[in-house]
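Notes to accompany the following structure.
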Amino acid sequence: MATDTITVRYFARLREELGTDSEVLALDAEQRTAGDLLNTLAERGGPWRQLAGDQPVMIAVNQAMARPHTRVGPGDEVAFFPPVTGG
Amino acid sequence: MATDTITVRYFARLREELGTDSEVLALDAEQRTAGDLLNTLAERGGPWRQLAGDQPVMIAVNQAMARPHTRVGPGDEVAFFPPVTGG
Amino acid sequence: MDLVQVGEEDFDPAEEYAHLRTSGSGTGAIATFTGLVRDSGDLSGVTGLYLEHYPGMTEQVITGLIHQARERWDLHRVRIIHRVGSLRLTDQIVFVGVSSAHRSDAFAACQFLMDTLKTSVPFWKKELTDSGEHWVEQKASDRQSGERWEE
Amino acid sequence: MDLVQVGEEDFDPAEEYAHLRTSGSGTGAIATFTGLVRDSGDLSGVTGLYLEHYPGMTEQVITGLIHQARERWDLHRVRIIHRVGSLRLTDQIVFVGVSSAHRSDAFAACQFLMDTLKTSVPFWKKELTDSGEHWVEQKASDRQSGERWEE
């Protein structure tokens, strides 16, 4: 089913270092929170390791600011990005 | 001597209630401070009494904000007015 | 260039902004405040204002406030305009504009200048209403806003 | 009418001021802030900026911040513009304008909106210099300015 996937988006420095701006992932039963998803992605190694590193990573779920414990479900849009620097 | 006088100016509500915007006074030896001058003027009675009353009166000496203990001397311009309300 | 202007003529905030913006390529922040005559003063039914001031002293005190602001914050340009005389509802009364490298300096200085304009500069407002006119009393909140800048 | 505008086009603060000023005869105070690209960023020799954002989320978060501001202060109109894309030295980046009956509300809301724009809205600045480009890091002082509004 199409709704068993989530869209993951990356912005700014993360987008450049990971070499991608978005991907569609099958939702695994073990990935219940944005934090779980971050840890799974970090296991890809290389530049992906920073997602579980010391550098702060901001999270948005469905275009609203979220936290590692925020739950993610089928059809959600999850975004990871560095601390914002507008204004 | 012309320099043995001071100019006293009144503004806003005080100007209206005292019925004058300025006067030149001979400087009395006992009027060494702006506060002394205020008390002397208050002795005129009528609306002048408010100069020594409960209502706050602001003082300027030579166009700089001053206090009752500020000294006044020959040739000075002393001004009395209500609390300011610009801006 | 700093500006201190006190008079009856109206002003154009766009012109002031242009002066603040051209204060060099190190300028990153411009904070402005404009005060207008509003229709709900101490009494209801306000139709206008009359603003009296102490010519000479007014300009001198404002210049002194700008000097104080420059000692406390890193400022590029400061533009202050205050009108006097007869003003109608919705007329512009006062403009304070500050440019700086940083927004915290621009905001703080702009607010300091507005607060102290209300407590330390010899301006007096008289409200005109349908049923007469009366001098505006200084508000305790304005006095407190001015005092918070005293160290 | 409130405005939230995010895009590449430049803006005219005078036009925004006109909208803020015509927000009714109860308006007594207009506070504005404009941010410009300045020539001394994290690295020296900055020649311009590139601003990325998260389309859709950006506008939504700013609208939420205006909503928060309206719950805390009595505001008439709020106008927020933030540019994205390529900007040169001295270009305008951001405008925040607020009208209110009272100056304390206008100042506080304007400062709140600028502070939280820097910490809560998905914009990212990349500085372009003669020797390359680099993403700007969030400043601890900006984080603190944003946090002071959390109760």
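Quick notes on this one:
In order of appearance the chains are A, B, C and D, and numbering begins at 1 in each one.
Throughout what follows, a contact is a pair of C-beta atoms (placed from the backbone, for glycine too) under 8 Å apart; a residue touches a chain by one contact, two chains touch by 3 or more.
The UniProt protein names, listed by chain, are A, B = Molybdopterin synthase sulfur carrier subunit; C, D = Molybdopterin synthase catalytic subunit.
Everything quoted here is computed from the prediction, not taken from an experiment.
Looking at chain A and chain D, not one chain touches each of them. Centre-to-centre spacing of chain A and chain C amounts to 49 Å, using the average Cα coordinate of each chain. Centre-to-centre, using mean CA coordinates, chain B is 26 Å away from chain C. Between chain C and chain D the centroid-to-centroid distance comes to 23 Å (mean Cα coordinates, whole Å).
Distance between chain centres (mean CA atoms), chain A to chain B: 72 Å.
For chain C, residues touching at least two other chains, in rising order: 35, 103, 114. Contact of a single residue of chain B with at least two other chains is seen at positions 87. A complete list of chain pairs in contact reads A-D, B-C, C-D. On chain B, the positions that touch chain C within their shared complex are 9, 11-13, 58, 60, 63-65, 79, 81-87. Listed in rising order, the residues of chain C touching chain D in the complex are 13-14, 17, 21, 25-40, 89-90, 101, 103-104, 106-107, 110-111, 114, 141, 145. Contact residues on chain D toward chain A in their complex (touch as defined above): 35, 51-54, 56-57, 60-61, 82, 93-94, 114, 117-126, 135-138, 142-143.
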